[in-house]
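Two complexes follow with chain A in common, the first pairing it with chain B and the second with chain C.
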Partner chain A sequence: MSVSDPQAGFAQAITRPRHRPFILRNPSVGVFLICLALFTLGVTVLSEDYGLGLISTSFVKTLGKTLCLCLVAIAMDLVWGYCGILSLGHFAFFGLGGYMIGMWLMYARTELIVAASMAEAPIPPTPAEITDAIGSQIFGVVGASDFPVVWMFADSFVLQMLLILAVPGLLALIFGWLAFRSRVTGVYLSILTQAMTLALSLYLFQNDSGLRGNNGLSGLQNLPGVQAPQSLVSIWFLWGSALALALGYLLVAWVVSGKFGSVIRGIRDDEARVRFLGYSVEGYKLFVFTLTAVIAGIAGALYYPQAGIINPAEIAPIASIYLAVWVAIGGRGRIYGAVIGAAFVSLVSTWFTGGQAPSVDLGFYRIDWVDWWLVVLGLAFVLVTLFAPKGIGGLVDLLTWRRHPDRHGADLGPDQGSLREEEAET
Partner chain B sequence: MSTLLEVSGVSVSFDGFKAINNLSFRIGPAELRAIIGPNGAGKTTFMDIVTGKTRPDEGRVIWGERSVSLLRMSESRIAQEGIGRKFQRPTVFEDQSVHDNLLMALKKPRGPFAVLFYRPESPDEARVEELAAEIGLEAALPRKAGELSHGQKQWLEIGMLLAQEPKLLLVDEPAAGMTLSEREHTTDILRRAAETRAVVVVEHDMEFVRRLDCKVTVLHEGSVLAEGTLDHVTQNRQVIDVYLGR
Partner chain C sequence: MTRTRPAQSCLALALALLCLFAAPLSAQDSIQQVLQEHREVIEKSSRKTIGAAVDAIAESGLPQAQKVLEVWQNKDMWQREGDGLFFRGEEIDRDTVRLFDFDSGEDLGEFPDDDLDQLKPNSGIRAMIGAALVRFQLADPNPAKRREALDAIARDAEPSHLKALAGSIEDEPDPAIRAAKERMLRLLTISYGETDAARVEAIRSFKGDLGVDVRGALNPVLTSRIVLADAPPEGNVAREITPGGSQLTVAAAHEMMVSAGMAPNQPSRDERKSVLLENIAEGRVGGIPVAELGSEEARDRAYAALAAAGIVPAFTPGYSEEEAVQQAGFYEVYDEPSQAVTDAAQETLTSIRTTVGMNQALDLTLDALSLASIYFLAAIGLAITFGVMGVINMAHGEFIMMGAYTGYVVQQIVPDYTLSIILAIPLAFAVTFAAGVAMERLVIRWLYNRPLETLLATFGISIALQQIAKNIFGTQARPLTSPDWLDGALVINDVVGISYIRIAIFGLALIFLAIYLWIMNRTRLGLETRAVTQSARMAGSMGINPDRVNMLTFGLGSGIAGIAGVAIGLYAKVTSELGQDYIVQSFMTVVVGGVGNVWGTLAGATLIGFLQKGIEWFNPSNTLAAQTYMILFIILFIQFRPKGIVALRGRAAEA
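Our next item is the complex of A and B:
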């Protein structure tokens, strides 16, 4: 406990090397970007139209969709793993992003079809007639033909793309403002986010919601005006998804690397203490919640054109819970953990629920994985939570031999006279 | 004497139990004050009120030259006004390094956007090292706060307080769980801090209070029992009865 000369401390700071570049301070970012680039290149080389044809177009789509799921998982990790807000509603933002791009895709494609069919008519159609025709094409399934207000920007590519950011962002901003301002935390906040998701999905199920009720939006895999076959389009979307994932990863890594990361991890660990340091905890939570909602929206906007269809069932509360499970299994509080969790669990999940996994015959009972997969997943979640809170990502610590001293509640140190935490509490 | 903080006629009850009862208290801009009192006297609750954690049922809490009321402000706003607080049990961010703990506390803009784009410059780093030296933790800067001993955590928390550069420091039982020499160092830090700002120290230990050598306020059942030098209050009949005579 020497009280050294402050001047000496100052000299030390001056000679200390300037901050190293971001990428050197966060080696995992570089490793991840290289892996992602190799993966994308590999899939391209093995694809049907650009390479050897070893990977089917539908599998390319599955991989592209998986990249989008990784992106939303990163957002979940930022809001939950780093900031401690267990949001069980981020799939709602994901779905909203999908709906926003779906509206433009459907409108623009229907417009082309309608224009082509009307071009043969002897009298050229008026713009109003074209709009009416598009309306009855799109909304015929729900017995309507007028365009609801929510479609007012669907004819403009730019505006509708902005809505991908604005709609999830605004919903998160309003919801978060109400929830954080009244200091709803923990389980109550999780329940509230579930309620939001449920309300949104029930609303979308209605035929007069203006988004085609339970039919949802379909045919999203067809890009308007693009003649290229799906085998090409799927690769383009894979590239787009990989790029979005890379940018999302960089953004989140940058956000958590500096003082902002310190503050939100502080909020996760001891919210009250952060307040007494003078930080407005609510503002930080709101920022993180909204930012991650926007990322989720972008992920959804890339996912659903690859899926081809979006309907309200996609926004069911359970989807957001799966998202939390992926992040927990992958390892929260580390970005690559979220990526590993989302990729691994969603791919395995596709395999099991797709009926490809061989059933196990126990003689007295046949285990059909389609039915039993959820049980396995639930069990895995419980086991990981109990015995490996660091998740799959924790293996990286073992590999790199990096020690993460985590002595919460353990002996406070070998120093003479130091007390145990319990004694200190009196 | 000008007043930095004035608490007057404040009462708080928890489920009918009056933890603070018509308490009045004032402190000047560069003053060291010790608050003593038996367990449950309301010392921590008093700090909760000043820092905005607990809202009093009645009374006024007036702050600074402009005499603003603290009662309408949020905890973070009060902290930004210049009131720093050290908790009874050391609360540092165990998962983060000593350096990051101090950097977070450093007096800098606190808004989300300012913090997002903040990159530490050399004066900030120098200030962190200076603070670390003052609390005897310069060698521990890269270590995780969770690895520190109990006494070191107490110091780190005091260091974080100093980093905030508050006008008023509220320190709850800083010497709990410290060795004798650690206590001496703590007294030094607190007395030095009190040269430029107001410091209120809650402490159980009489020896520690004696070494602080300052005006003492005795709290009992939520109100002030006596005030004055340590010798003066320890001769007070009531004080002896409720506190020292135990």
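Our next item is the complex of A and C:
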């Protein structure tokens, strides 16, 4: 459009709604993707096998795991920060994803080991003998040798990968359908999701759950049929995690940017009003809940091969609450906030609880951070909730001089029933 | 001291007189004679052969028999090497023994022990002697001895006891012991009764009896074996059995048929495989290359080839053990020959099982009641803070933990357990009340109307408090010891029993319920609390200070949690995770019961307690499963009654 013809430009602006590309409308997405790419590139260059060797393999794994935690935090942000459902069960979906991939990893690896040991036998083994040997290898620790029903697809890579999506997704769909249908909202829903998580972890703790009880699944860092050293595998997983995080970020940013995003934000702010406007609130919530559960499952499936072991303690309700803590500290209602929160809190936690942080000697008492870190985290969390409800992401607003829209009578926070502006002034 | 004491001489005289009367009745008139008859086995002192000697002494009918057995059991019997006679001996010093004659009791004087052998029966033999002595002890003048004798029979009954017991009942002066003896007689009659009629009568008399001993006596009557036969065999047949159940698996049935020669012995998969391994020749088995043996079908062919060559026993690939066992009949036959006796035993056992089942249900009810009162205790503080005020306090569990640790600290200072508990209860209330008020002032009051943020902030406090407790008290469990008068259990019968601590917790729950109702409905604070909860502004305009009321109410709820902590600490181990174990259940209790109503909390606790115990009954070994299913049930329950059991109606529900 030329400056000399303002009339034409004006008409064009009226007749054709401006369709700028998605990435231009959401500059933060581009910034994030560039940062993530630079980070991945940097770690690769500094890693042991591909570059200078300044970063140890175990730290590469920690970084890769952190990316997975960022991914599940994005899911949590979508369901809580944008849709207002404080789910205390998303780490259970995360863990389920881990269990699903763990089953295939364990099965396939044990199959290779068993086949190798049986190759020496004078008579080649029958398929039934191989299965029996794998079974007794895997379930020996819980005193069983038969494969439980839940392992029926473990021998098929494709089916088991589908289960990573299907199991958390189905569980979320059923649970969400039950909960949203009967209009359980707010804290009741939170407590209900926490109960679901508790039930799941208690169930997995049993030896006859078919998933090796409190032993969990182990040896997951060894990819079946891959001879490469861990220093290489860890980089591959870092790439995979980074890719998944980038795709997850794009997906969530796209979901919340359109009309759908407006509706779920509307549900967060006033569920009843959105319902009266004719939207199927339950359908939207169910979709968001299930979608985020699937994302959490994928994140878990990438996380646990890097962690090497999964057991039911990972699914305990406390883990899901930590997830909420990350998102709150990072700043909910903004996707990069969730990423910042998860990365910051989990890395700082690793640093403090890993024993690297220097102890503080007060003369009469020595503060060991291994012991006192949780106290600091807990109190920091209270302070963030009280004084900085926007979290670390709020700093971005300050830096970019972003002002709040003057929304008279609007909620001050993203919670249903949060204090209204006019009430706050009284 | 050679002079005989008057009492001893009197006894000797009495014994001698008794001997005069007993002598004609018995074949032998002297116990020494009996001893000499069995001299060899006594000298050999082997557990396998000694029985005859012990029995002979016990059944000699001589009054000295008891004395001899006791002396023998106490290792006081000596034998003279010269003539082989047995005596009672008392060691005077290392080398000298004073001997007494068994029959007359006469003091024979002191002898050097060079010529004497002390008989030292081993513990097995002493037990046999003890069993033989029982019949004498049953008539002992000392009631404690008679009870001991009954206990000995209960431990290790013998057919001979039956007669001895029957004989001793007549002269039993103590009614309680007499009843015990009669019961024992009936028990013995079950196993050793002479006629079937007597045994049946004894068995029937125990209908509905809860004693473990009765079941212990009845079960051996019903032992059975499984017989393979075409027609019902001779003997007391219980029933015909179809193989396939837990009583007789198909494999076991087939095994029986094979050993009876009624079915071909089919080599199992593993046996066939080892046969194949043994017959590998030039890389082939039965003409099939080894490399091709990776399937069952190929292995069957190879085996068939070997069998056809006559090297190995035949094997039919499609052979079905199920079909084979259908051809034969299997019968369960009682070891007990009399059908009347087994029928009666079966009938009595059924009736006992019914009674036991009813009592177990009662026991389960008591268990569930006590679990419900624990949940109620843990949840009642929450019923105030969450139920009435609507504040989600995730640190409620940590208040319970603080109460328990307060109790522990008090016990470290005050060693008297009763006093320390009495001190700990108000102190725990004070500590957690203060903590609750502080938390309300510092955190919660800024977050009213923002429940999700309250949840997260109080959760932050919860992890901080938990970690602080861990830093102070360590990770290991600390004991909170209950006073002596709370130890032990109220045992109603062999099945039903409940520990005093559980009764105390139940009582405490009732007291708390009363206190809650009184405060909420009868005091100024309760009135103001209800007013502030319904409308803080309206209450404020009526002259109530909502800040103060909120603070006090929250403190009250927290303080009650502290007292609950003392009670729970008595029952469970005190750790920093104590509260965490109860927090989800407590919220469940309040939510299931219905928010804002203490009767709802009571109903919720009862429902959850009974549910958990009920599920545990079906699967007693697995409390984890019980908790899992309970939570699933609650999730489903909330679908159908989202507002809980006792739902508030009308305007109160909006508050």
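What we mean here is this: the second predicted complex is superposed on the first by the 388 of 426 C-alpha atoms of A that agree within 3 Å, B and C clash if a C-alpha of one lies under 4 Å from a C-alpha of the other, contacts with A are read in each partner's own complex, and residues count from 1 in each chain.
The rule we apply is simple: a residue touches a chain if its C-beta (ideal position, glycine included) is under 8 Å from a C-beta of that chain, and two chains touch if they have at least 3 such contacts.
Predicted model, so just to flag it, every value in this text is computed and none were measured.
Shared-chain residue A:Val263: touches chain B; no touch with chain C. By the touch criterion defined above, A:Tyr279 lies against chain B but remains apart from chain C after alignment on the C-alpha atoms of chain A. Legend: residue contacts after superposition of the two complexes on their common chain; A:Tyr365 is shown touching neither chain B nor chain C. In the superposition on chain A, contact is made by A:Val255 with chain B only, not with chain C. By the touch criterion stated above, A:Phe287 is placed in contact with chain B alone, chain C being left untouched. Shared interface residues of chain A, touching chain B in one complex and chain C in the other, are 413, 415-419, 423. Interface of chain A with chain B (complex): residues 1-6, 8-10, 12-14, 16, 19, 255, 258-260, 262-263, 265-266, 269-270, 272-273, 275-281, 283-284, 287, 405-408, 412-421, 423-426. Those residues of chain C that touch chain A in the complex are listed here as 273, 276-277, 280, 285, 290-296, 299, 392, 443, 446-447, 449-453, 455-457, 459-468, 470-471, 580, 584, 587-588, 591, 622, 624-625, 627-628, 631-632, 634-636, 638-640, 642.
Put simply, chain A touches chain C in their complex at residues 86, 122-128, 175, 178-179, 181-184, 186-188, 190-192, 194-196, 198-199, 202-203, 205-206, 208, 317-318, 321, 324-325, 328, 371-372, 374-375, 377-382, 385-386, 389, 413, 415-419, 423.
The touching residues of chain B, counted against chain A in their complex, run 51, 53, 74-77, 79-80, 84-85, 87, 89-91, 93-96, 100, 103-105, 110-112, 115-116, 118-120, 122, 125-126, 129-130, 132-134, 136, 138, 144, 146-153, 160, 164, 176-179, 181-182, 185, 188.
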